[in-house]
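Structures given as C-alpha cells follow.
Two complexes, one shared chain (subunit A), two partners (subunit B, subunit C).
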Partner chain A sequence: MTPSVRRVAVIGGNRIPFARSNGPYAHASNSDMLAAALDGLIERYNLQGEKIGEMAAGAVLKHPRDRDLTREVVLGSKLAPETPAFDVQQACGTGLEAVILIANKIALGQIDSGIAGGVDTTSDAPLALNDDLREILLDANRTPDTAGRLKLLTRLRPGMVVPAIPANEEPRTGLSMGEHCAIMASEWGITREAQDALTIRSHDHLAAAYDRGWQDDLMTSYLGLERDQNLRPGSTLEKLGKLKPVFGGPEGTMTAANSTPLSDGASTVLLASEEWAKARNLPILAYITESQTAAVDFVHKREGLLMAPAYAMPTMLDRAGLTLQDFDVYEIHEAFAAQVLCTLAAWEDPVFCKERLGRDKPLGSIDTEKMNINGGSLAAGHPFAATGGRIVAGLAKELSDRGSGRGVISICAAAGQGVVAILESAGGAK
Partner chain B sequence: MSQDLYTQIVNSPPGGFIAKRVGLPQPTTLDRYRPGQPLVSGTVLVGAAPGGRLAGAIAATLAAANAEVATTLDADLRSAAADAGLDASVFNPEAGGDRRFKALVFDATGISDSTELVELQKFFHPSVRKVQSSGRVVVLGTPPEDTKTPREHTAQRALEGFTRSLGKEIGKGSTVQLVYVAPGAEDLIGSTLRFFVSPKSAYVSGQVARVSAGLPVPADIDWEKPLAGKTALVTGASRGIGEAIIETLARDGANVVGLDIPQLGEDLKKVTDRLDGEAIELDITSDDAPKVIADFFKGRGVDIVVHNAGVTRDRTLAKMPEDRWQSVLDINLSSEERINDALLKAKAINAGGRIIGVSSMAGIAGNRGQTNYATSKAGVIGMVQSMAPVLAKSDITINAVAPGFIETQMTAAMPIAVREPGRRLNSMNQGGLPIDVAETIAWFASSGSTGLTGNVVRVCGQMLLGA
Partner chain C sequence: MATRELQGPPGIIPLYAKAALPMIPGASALPFVPGSGKDVPDLELVLPEVTFDPAALAAYNRVCGFTLRDDVPSTYIHVLAFPLHMALMAEPNFPFGAVGLVHVNNTITQHRPVSVSETLSIKVTASKLRPHAKGKQFDMVAQAKAGRTIVWEGVSTYLRLGKGDPSAKKPKGEELADPPVSATWKLQGGLGRKYAAASGDRNPIHLYDLTAKPLGFNKAIIHGMWTKARCLAALESVLPEAYKVDVQFRKPIPLPSKVTFGEEITKDGIRFAVKNARKGTPHLDGTVVQVPAKKR
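Here is the complex of A and B:
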C-alpha cells in the first residue's frame, strides 16, 4: 500500500425490506425503490443538503429510460444536487462492486465521502420490443413520408406483439443460472439435505435478527412492508423435503426453497474517510480493507458458472496476508444454497486448490457457525444489485457490535463472475 | 473383418424392432480403438474402499492419459488426484444430476475382511446404471496369495465372483475385469489400467489379470507408440489373427518380422511390405526352424515373440490317427517350446523381452472333437506358467491370450449349428474380431507391461463356457 492510501470507513447503511416478485412492490420502479432506500440513509445520517463526494449504484434489470439512474435518484433526493453519481453493472456483484469503487476513490483521496447502492425489480421488469416489430418501427421512423410509413406498417404481424421478456439465462450457454448451479451441485456432490439445512438456518437466523431489533437501524419500511417478505422461519427438513426439484431434472436437488426467489428491493451504504466521519460526529462501524473480483471461463473450460468467488478469495487473502480461517464472520451470498456449499467444498478440496488455483494446500474449511449469522439471501430474498449493500451494511454492524474482529464477503455473479471483500471492525481486527 | 451379418441386421432399425419382439439377443456395436482418439471417450469414475493403496497409481495413470475423471468424496482419492495433477470432479450419488460414466474404476485393496465387501455394493449400486454403452469396469485388488491374513485372503478371493457376475449382467457391450496388483507393483499398473478402460479391450470381459513386481516402466514411454524401437516376431502372420497382430504391433511402433509357411510366402510378403517389415518363410515344425529363427535374430535381438501360428485337425479321439494328433501338438506347442529354447540359448531375446502365446477357449473348457487341439492349447497355458519364473531371471515376461469365437476364415467355415451358438453364447452376444486378440497381445507386448507375466487372458466376450 502506498502511503497516500487512506482507511475507508463504513458509516452505516439503509435498505428497504425485500419483496417477492409481483408482490407489494409490483408497481414500484427501480428509481422509486433506490430513492426510498437513499431517503432513509439521508434521514439516518442527517445528510440533507450534504454534497457527497460521489454516489455509485446500479441495477441488473434496467429500463432503457433509466439512463443514469443513480444521478436521477440523487437529483430527486435531499442530497445537494452537486453530488455526482454514476451507474454500475456487474450482475449480482453490482452492489458490492459499487461499494468497492466508492471505497477506492476515498482511499485514494479523490473523494471524502460516498454512497454505494443497488436496486432491482423483477416485477417492473423492462420488456424489449419483439425484434421484428422493432425493426419495422425503426424503418418507419427513418421513412420521411406518411404513405411510405403506412406501407411499412402492412408488414406488421400479430406474432410481433409478443414482447421479448428478459430471461434469467446465460446468453452463451442458454442455461438458466439455476441449471448451471445444478450442474455445480452434482459435480461437487452437494446433497439436497445439506442445501435444505442451510436454507432453514438462513431463515431462522434472519428471523432472530429481526426479533431482537437488530435490523432496526438497517432498514426503512416501504409500501407497508416491514420485514423481508420471503422470510419463513421455523421450517423443517421434513417440510422442505417435500418440495419438487426446480433445477437439475427430476433427480435434481435444488428447490424453490433452497434457491433464492426473484425479488424486488434496494439498498445503500454510506462510506467515508475517517476525518469526514469525525467532522460530522458520525459513527464508524468498520473499515473496508481489501477486495477482489475474478471471473471464470464457464463456456469453454467447464468451470462452474458461479465458482468465481472461489478464485477471487485466495488472491485477496494472499494480498492481505491472511488465511481463510482468520475471520470471525463470513458472509457468503446465498444465491443458491448449493452455490455456498460448492464454494466451501472447493476451498476444502485438494484437487480444486491444486489444479484450478495452483496452490500446494487447500484453503481449508471454515467454521460454518460463523457464516451468515444474521441470515442470508435465501431468507431475505435477492434483488440482484441490492444484495451487496445489504451484506456490507449488515457485516459492518455485526463487526461493530462485537467491538473487534474481521469479516469477509463472497458474492457470486452471473456470467462467471465473483466479488469478495474484507471488513475489519472499527475496534480493530482482534 | 467387419461386423457379422446378424449384428448388422439387429442394429438396423427394422431388424432391431423384430429382434426385440421375438426376444433375440441384441448385440451392441462395440466401441473399438482408432489411433489418435482419446483413451476413454467419456468420464472415468474412481472409487475406493477405505485403506486402499492404489489411489496414487490410478490417479497418475489417468492423469497421464488425459482422462476426464470424477472421484467419490474420499479424502485419499481427492489428495491422490491433486498430487497426480488430475483435475477430477466429485461424484456423490446422493447429489443428483444426470451424470454418465464411460468407465468405473474401484480400488478394492483396502478390503481386508469379508464384511467389508459391502464396499462393492456401495460404490457400484448407484454408479452401474450410469455406465454408458461399451462401458468399462475395473476392480483392483491384492493377489490373495500376497495378503497378510486369512480373512484378507478370503475377501480378496471373493472379488472374482463379483466381477464375473457383473460382467454377465452389465450388458450394452460393457466389460468387467479384476486386476490383482501385488504389493510393490503399484507403479506398474499403467498399461493394464489403460488397456482395460479403453476400447482396446472391447471383447475382453470377466477376466482376472495379475500385475506383479517387475522392471520399472520406462519413464519416457510414449503411450501412442509403446513399442517404438522394439523388434517383434509374429508367426502365422500372413492372414487372420496373425495379420491383425502384426499390424497392431506395427501401429504401436514395433519393427515387425512376419513368419509363415513358404506356401503362403506371397501373402506374407504383402503384409510385411505394407508394414515396412521383414518376412521369414518357414515351417515352424521343420528341424532347422529353431536355428533359422535364432540365427535371424542373433546379434540384433528380438524383443517380442508372438507364437500365433496354429492349426486344428478335428476328429473324435476314437477316430484320431497319430499323425493328426502329432501335427497339431507339434505346430501348436512343441515347436514353440523349441523356438523359445533356441532363442534363449542364443541370447537373442533382449532383456525386457516378451513371449506371448495364443491359447484357446478349447484349451480351457475343452471341446468335442478337439482332444488334440485342446491338449496343445492347454499346453500353451502350461508353457506360460512353467516358463514365467524361469524367464523372470532374464527379465523376460511370458503371457498368453485365449481367444474364444473370433470372426475369421476359420470360423466362417464352421457349420451354422456350431457357429451361431459359438458366436452368441457370451456376454457380448457376438463374436470377437481379430483386432480384439491383437490389442490384447499388444497390451502384453507394451513396454509398460513389465509387471505382467504368467497371465492367461481370454478374449472371448466372457463366453459362458469355461472357468
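Here is the complex of A and C:
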C-alpha cells in the first residue's frame, strides 16, 4: 500500500531566550531548559492534557544521565503522559532534523500532531569520567579476584582525576569548527569586512524584531532573561574591526563577533495535520513542503566542513521544481558569518556548481535583503540543537505575517553535514 | 501586634545556637535566651523584598528532584520564609527553644504560580499555643505577597513534647487505604547535609548521626520539608495551577533509607504517602486539593 501524503502545518513555536555560556542559565540542565520551552508551548496552544502524536528533540552535548531526555521532559510536563517521545542528534542540524522527522510522520498519516525541539547547554556540560580511569574500573568489574583487582590499582595515575571534557573539535581532523571555517573563508576569499557587515546586520535585525514585539509570541522568559543575551545592536564596522581574529591565525578574518558564541537555550515547534489544527481552532502559520540532508567528505576530499548545505540545496530545489531565486525569505543559519558567505559564493560559482554539484549552470545569487530578516544566530546565539526550532518557528511566523510566500532554511552541522527545508505560507506560495 | 521589618534574611546558624541555649538548664532565665515567655510572642516579622537567586533555586530543585522551570516550587517559598520562623523562635520571650521542636504538619497554599523573576514580601507570625495530646503545639503562619496580592501561604505546626492533654487528641477520621505505591526512593546518607546546604535549614538532627544523637535520634533524619518537596516534585506534571498541599509528618526518616512513594489521583484531588520500603513505617501522609487560581 502506498501511503498518501498530507500537508504538514506549522502551528507555532516557543523558545526561551538564548543565554551566553555560564550566564543566567549556568545552573540549568538540558532537561530544565527543554521543559521551560515546552511549558510555554503548552501554555500558548492550550495543550494541557493533550496526547500529542509524538515529540522529537535532542541535544548535541548530552549527559549520559539524560537517557530518553525528551520522554522524561514530556513526563514532567502538562502534556498527556501517553505522548511518546524520542531523542535525535545530528549536531547543529538536530533541531531541523527533529522537525523533519515529525513532519514526515504527520505527512504519512502516522501521527496527527507532533512537537519538535532542541536544547543545548555549554554551561552544564556533560563532563565524563576520565577514559583511562573508566577502562580500569571496567577491567576491575571483569576481574573476579581481589588480588587481580589490587593489581589493577597500580595502573591508577593522578592525572586520571581530570575528566573527559566535550570538545568542539572534529575527531578525524583535530580542528575546531572555527578553524575549519577559517580554511573555507580563506579558500573562498571571504573578507573580514563582509563578515563584520553581516554580523552588524544580524544584531540590528534581531533588535528591530524585539522592538516591534515580533518575538512576543515566539518565546517565554526564563530565569529573568527576556531577550537573547548575546544581542548587541548598534555596532559599527569600525568597532568590530578592532577585534583580534580568533580562528585562522593572525591573518585570520574570523572574530568573536562574527562567530557565534557558546550559548545555552531551548526551542520547540508545534506541527500538525490540517485537520488536527482545524479541530482545535489553531491557525496555521505555514506548511513544511520539502527537506533534504547532505554530507561532504571534509576528511579525504578536503571539501569545506560546513559546505554540506550547498549540496543539499540543489537536490531539494530540483525535487521541488524551484530555483534558488524562487523564495521570498531565506534563513541561512549563521554559525559563522563566513559560513553564510561561503555558501552564497559557492552557489554563485560556475566552477563549484559544475565540478562539485555537477550542474551546467550555477544556482545563482540571492537578494541578501531577503536573508535572515529578523536576525540570525550571530545575534541570537546558537545553542546547537535549539537553533533549528528557532528558525522554523520564526520563518513560519514571517510567512504568515506576509500572507503568502515561500521561505527556505539552510543549516550547517558538524561532521560535514547540512540540512535544508522549504516552508510555504498558509496563504499560499505566491 | 508589633511588626518588625528585617533588611535581609537573618543568619540561620547563630539563630540555631540561640534556639539551642534553652536546653542548658536555667539558661532561659537570661534576658537574651528564649524560654521566658508563657505564650508565643505577639510579633510579626517581615522581609519586604525577597528575590530569587537562580543558582540557589537550581541547587534546591536538584536535591528535591524538581525541574528548574520559570515558576518556583511552592515549597521553595517556605525555604525563603524559614529564617523568619527561626528568628521568631529565637525571640527572648519565646516560650521554649526551637531545637527539639517537632514539625508535625505543614500546609502550603499556592494561589498562583510564582515566577523566579518576581519580588515577594514575606511575613511570618505565630499562632497561640494550644494543647496537643503529647504536649503543646503552635503554628508558624507565613504569607507571601506579590504587590498587594497574596500568592502563597504556609502554615507549619510544631509540637513541643511535654505534658499532654489527652482530650486534645484528634478524633480518628475515616481510615483510608494506603495510596498505591508508584515509586521507590533511595535516600543517601548525606542527603540531610545536601538539603541543609540548599535550604539553609542546618538543624543538627539532619546533618550527622553524631550531631543527631544528643537530640534524641539514633541516626540523622531527613528534613520533613525535603520529603514534602520530593513528593511535590514527583507530582509536578499533575499539580493544578493553584492548590493547597497539606502533609502530616509521621515517623522521621533515618538516613540512609529506602522509602516508597504512593499516590492516588481522583477528581477531588491527590492523596499521597511516604513509607519505609521494608517495614511500611509511615513517614508522611499528604493531600493536594485545587483552589481557585488568582490571576498573574
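Here is the rule we go by: the second predicted complex is superposed on the first by the 410 of 430 C-alpha atoms of A that agree within 3 Å, B and C clash if a C-alpha of one lies under 4 Å from a C-alpha of the other, contacts with A are read in each partner's own complex, and residues count from 1 in each chain.
Throughout what follows, contacts are C-beta pairs under 8 Å (C-beta built on N, C-alpha and C of every residue); 3 or more make two chains touch, one makes a residue touch a chain.
What you see is a predicted model, and the numbers here were worked out from it, not measured in a lab.
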Checklist entry - Taking subunit A as the common reference for superposition, should the pair subunit B and subunit C be classed as clashing or as fitting? => result fit
Checklist entry - Who does A:133 touch here: subunit B (first), subunit C (second), both, or neither? => result neither
Checklist entry - Is A:224 contacted by the first partner subunit B, the second partner subunit C, both or neither? => result second
Next on the checklist: According to the stated criteria, A:251 is in contact with first (subunit B), second (subunit C), both, or neither; which is it?
Outcome noted: first
Item to check | Touched partner set for A:188, first subunit B, second subunit C, both or neither | outcome: first
Checklist entry - What is the contact status of A:349 with respect to subunit B (first) and subunit C (second): first, second, both, or neither? => result first
Checklist entry - Smallest separation in Å between any Cα of subunit B and any Cα of subunit C in the superposed model? => result 43
Checklist outcome for this item: Interface residues of subunit A shared by subunit B and subunit C, listed none
Item to check | Sites on subunit A touched by subunit B in the complex | outcome: 182-183, 185-193, 245, 248-249, 251-253, 345, 349-351, 353-356
Checklist entry - Along subunit A, where are the residues that touch subunit C in the complex? => result 24, 26-29, 31-32, 35-36, 39, 73, 75-78, 81, 220-224
Checklist entry - Residues of subunit B touching subunit A in their complex? => result 70-71, 73, 78-79, 81-83, 85-92, 94-99
Item to check | Complex interface listing, subunit C residues touching subunit A | outcome: 54-55, 58-59, 61, 67-70, 116-117, 236-237
